[in-house]
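Structures are listed in the sections that come next.
Across the two complexes that follow, chain A remains constant while its partner is chain B and subsequently chain C.
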Partner chain A sequence: MRSNPLFLLGLGLAACMVLYMTVGVSGGWSFVLPFRAGKLAGLLLVAVAISTATVLFQTVSGNRILTPSIMGFDALYGLILTALVFFLGAQTAVRLPPVALFALNTTGLMAGAVLLFGTLIAQTRTDLLRMILTGIIFATLFRALTLFWQRMIDPNEFQIIQVASYARFNRIETDLLPLAALLSFAALAVVWRKRRQWDVLALGHDAATNLGLRVRQQTILALLLVAALVSVSTALVGPVAFLGLLVVSLARLCDGSETHARLLPIAALISAITLIGGQLVMEHALSLSTPLSVVVDLLGGLLFFFLLLKGRSR
Partner chain B sequence: MKPGIFLAIAMVALSLLSLFVGVIPIVPSDLLHDAAAWELMRDSRLPRTLAVVIAGGALAVCGALLQSMVRNHFVEPMTTGTGQGAALGILVTTWFLPDASLLLKLSVAAATALIASAGVLLIVQRLPPRQPLLIPLVGLIYGGVLGAGVTFIAYQADLLQYIDVWMNGEFSGVLRGRYELLWGAALVAALTYVTADQFAILGLGRSASINLGLNYRQVMAMGLLAISVVTALVVVTAGAIPFLGLVVPNIVARYAGDNLRRTLPMIAGGGAALVLASDSSGRLLRHSFEVPAGTVMGILGAAVFLWLLYRPKSYAL
Partner chain C sequence: MILIRNLSHTIAGKPILHDISLDVPRSGITALIGPNGAGKSTLLSLMARLMPRQQGQITLDGHDISTHDTAALARTLAILPQIQDAAPRLSVADLVAFGRYPHSRGRLTVEDHQIIDRALDAFHLTDLRNRALETLSGGQRQNALLAMIFAQGTDYLLLDEPLNNLDIAAARGLMAQLRRLANDQGRTIVIVLHDINYALAYADHLVVMAKGGIAATGTPSEVVTEDLIHRIYGTDAAIITHQDRRIVDVGP
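And then the complex of A and B:
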């Protein structure tokens, strides 16, 4: 019997989770277990959200090296957050419950994603390089605008927002977990239900139209789902530029099948193993000297470089 | 009006603006009878304005040189590895030799910048020439990976705050005695003007330049060295200013073509004027606080880049 990657990966993930919950516990299980369970749930959610958003975005754009982060989605999230603080005033923004702020931000990102990227997506098939370049420049522009706006807000007031709104892997924003979980479960359910339509969409605009798919409508829906998933992961752990690319490329290597029914779960499992295993190593072996996101970005960036050059030389 | 004359007028006007804009208001007549105003002018405003002019002019010239060397209009040193290389050099020196002199830091920064830009050049030369947008893309990602490496080391060394200082160009720290190194950048940029013709020929490609009797390798090496030294100097004294070297040469090329001997002075003037404008508006936009010139340039530059990318196709791609 040939070994099934899904089964092996599932075993690996289970091992990682058990280790994450139990390694290095010294007494006080009643405190440690709920504390770690919260972080674990957050990591799982982020892992699945990022990998699914990346798979979907690659399907829509018809390209293997694009990801929402490369195209500037999480930079846009930061920009919208800053704009919200700017227009509402820091005092109002702080008094809003984090859940409300998150909801506003997510809505903004969904609208922005459809407006900005909806028109661009049509271009990929004609001029891919220009599209990627546009995305990278968008990301730079959004970051510069965010910095600029942050300077325009009173520094003291901004500090409050920054503390409240920028999370890291080590300190996952557990307040938002229930709402984030709800939103991503809804988005994931839709993605899974429509898995066969994504297969058709992946064939390209003309073929999909011929097969009776409403390509434009499906593209917009996919962008909305991607935006929702990205805002979940960004709100919980902040931007991670290359994780999606890393895990989805690994998933494609792992399994030759191109159907979403296989690609989505395999990518999600690899993503979860990377995040939880990586965090485990960071916390215990390297005693938190470096945030996981920096390491992932470095590796993912190199991979992106490699894919780009390899794809061209062919 | 000729673009050259227009640029000269703009530069003088913007320099005057930069001299008299700031937290403490000064009007020109104060200088005659107020000793404190004179001191402020001598110790802060004048050095700052000079630093801005030199950094802007030299970086724009470097952008034009690099574009000619890789034969592509969409690259510039600050975002394609040279700037990150320089930051890496300063970072490593600060980490291992905290009391190193500025000159040592600068030399290491220039050396790492040189290695980084030689790396990008080697990669770019292996890319197929028929894909003009691939080169800037590879350059940007190369710079991004190097930048991630810099962040990684900064985390290890607990020097993360410094990264912000080097990667975000700002002139508020410029005082008399703290910017003079930049004159070196001005000197290097001026020296490249002597060989402007050779750099213009480089833009015709390797075989054409060798056919025309150019010592291709030597001119390339010279260009790399000039770019690395200027970038390292600017990163050490003010911090990186993104997109400047991209935007200015492109706009000048649109009006005046690619003959570097004719256009380099305009490019230098345009770069100086643009950074002067960003720095002064950074001081005015939120008075008594400052927005870094690098941030203002990041917004302006990204917007112009998008425009260059999507404008109707013309001769200058």
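And then the complex of A and C:
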């Protein structure tokens, strides 16, 4: 039964969603339902964006350990936001509607991703160690530059950036939800439509060229899609370091076939269950004593070490 | 017909190919031989647009390969590729099915399935079709890749040292298969060979490369002489004749 994992995971997700909407409701349903529905939609969007971005990034970079956040995509988002506040001034940045700020930030991230990672992937695809080192250097550089800039700006202005630099699943930026949803639906539609082509791209540069793919062009397209999806998740909840690695590795364990037509939905379902189920447990069982991102990053970080030590790039 | 004109190529400042002009005739087996570092693989990669062309021109049936639609090119020309280590866990049949991608974009038709089955059969992989690639030996994996480009069904096949990893039976089987493709279906096969004896026995045309240039071209019997081997490889090997066949004696 090849459809089994999808069906079971779908059932699991449905259960999580119903529980998330209904557990512990005291007082007016008319307030609670729309309030929780907004958060639920945000969590779903973030979950799918992160898992899809991770699958796609692993396909074009040709390994199974690296994720956009390990390579510093989230850090670059923070850096661009800081640069925007620095150059525009906080007054202007605040007066800009959040949607415009998000649009500017996303455009910046897409350009940066292609410039920085486009050439890197073309040159070092086969060299995992060099990719990891470059990723660590990029991420550290982006964070250091962000910190440096934040020191130079007014503490009040700093507030704006700080809000955006921490993962927070409790307070999702629901203002951005419509635009973020639009952008991620567009990106996800392109990813899904080209799912067979990603399978070919995963074979490597030479094999994909032989089968008639414009590898460089498609790699850049994939990086643009990854950047758009990372923008959505970072804008809604802030950077989440290891969620992508955790859920995509689980998805690969779950299904042997690894074609994108199966890997993408399975990873998305696992990701959504992790976020919504995790948030449910955090909010109600642990009464928010620990942020979900800490738990996810702890588990994901351990998995990252395990994969590295096991030398499992494949 | 593949026409190469004034092709030069440098990698990291080192000249690999120098002003090469070559005609690869339509249909038949053309073997590229020459010492290590002569530029054979680079030439083949350039012909298959795996690397961007720096100087010169390569045309295939009149189309410049660097400007021709690459998806259309994949239906006329195939090269035996290397598969990267981190490639997904694929079964043999999955890999061979990729050979049909240029034709059906991943939506396999009944005809595609027949072609895939025939390719698996031709390379004795039918029993292994559901095995994961990573569990196969080097030779079996090589066969799976060969079956993939066989299923691609192109008029032109470029093979870079396909006999590596193959035992003598598999190597002879492959060469005989290529012979049939050339004779029965008029396909054009360009193959890099290290063993001159295979080139002597199976090739229609021989291209000898040395130091990034073409040292000699012609039919195997006219090209391969003791003098040429001495000149190109810098070693003295005798050529003996056995039942009308010329054989390079590699004994001490």
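Following the convention adopted for this analysis, the second predicted complex is superposed on the first by the 296 of 314 C-alpha atoms of A that agree within 3 Å, B and C clash if a C-alpha of one lies under 4 Å from a C-alpha of the other, contacts with A are read in each partner's own complex, and residues count from 1 in each chain.
Note that contacts are C-beta pairs under 8 Å (C-beta built on N, C-alpha and C of every residue); 3 or more make two chains touch, one makes a residue touch a chain.
Computed from a predicted model, the values in this text were never measured in an experiment.
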| item | value |
| --- | --- |
| Touched partner set for A:152, first chain B, second chain C, both or neither | first |
| First, second, both or neither for A:207, with chain B first and chain C second | second |
| Which partner reaches more residues of chain A (counting touched residues only), chain B or chain C | B |
| Which superposed partner A:140 touches (first chain B, second chain C, both, neither) | first |
| Which superposed partner A:295 touches (first chain B, second chain C, both, neither) | first |
| Contacts of A:35 with chain B and chain C, given as first, second, both or neither | neither |
| Chain B versus chain C as contact partner of A:258, first or second or both or neither | second |
| Contacts of A:306 with chain B and chain C, given as first, second, both or neither | neither |
| Residues of chain A that lie at the interface with chain B and also at the interface with chain C | none |
| Chain C to chain A touching residues, read off their complex | 48-50, 70-75, 78-79, 81-90, 98-99, 101-102, 105-107, 134, 149, 152 |
| Residues of chain A touching chain C in the complex | 62-64, 125-126, 128, 196-197, 199-200, 202-207, 209-214, 256, 258-259, 313-314 |
| Sites on chain B touched by chain A in the complex | 74, 123, 127-128, 131, 133-134, 136-138, 140-142, 144-145, 148-149, 151-152, 155-156, 168, 242, 285-286, 289-292, 295-296, 298-299, 302-303, 305-306, 309-310 |
| Footprint of chain B on chain A - complex, ascending | 127, 129-130, 132-134, 136-138, 140-141, 143-145, 147-148, 151-152, 155, 241, 289-291, 294-295, 297-298, 301-302, 304-305, 308-309, 312 |
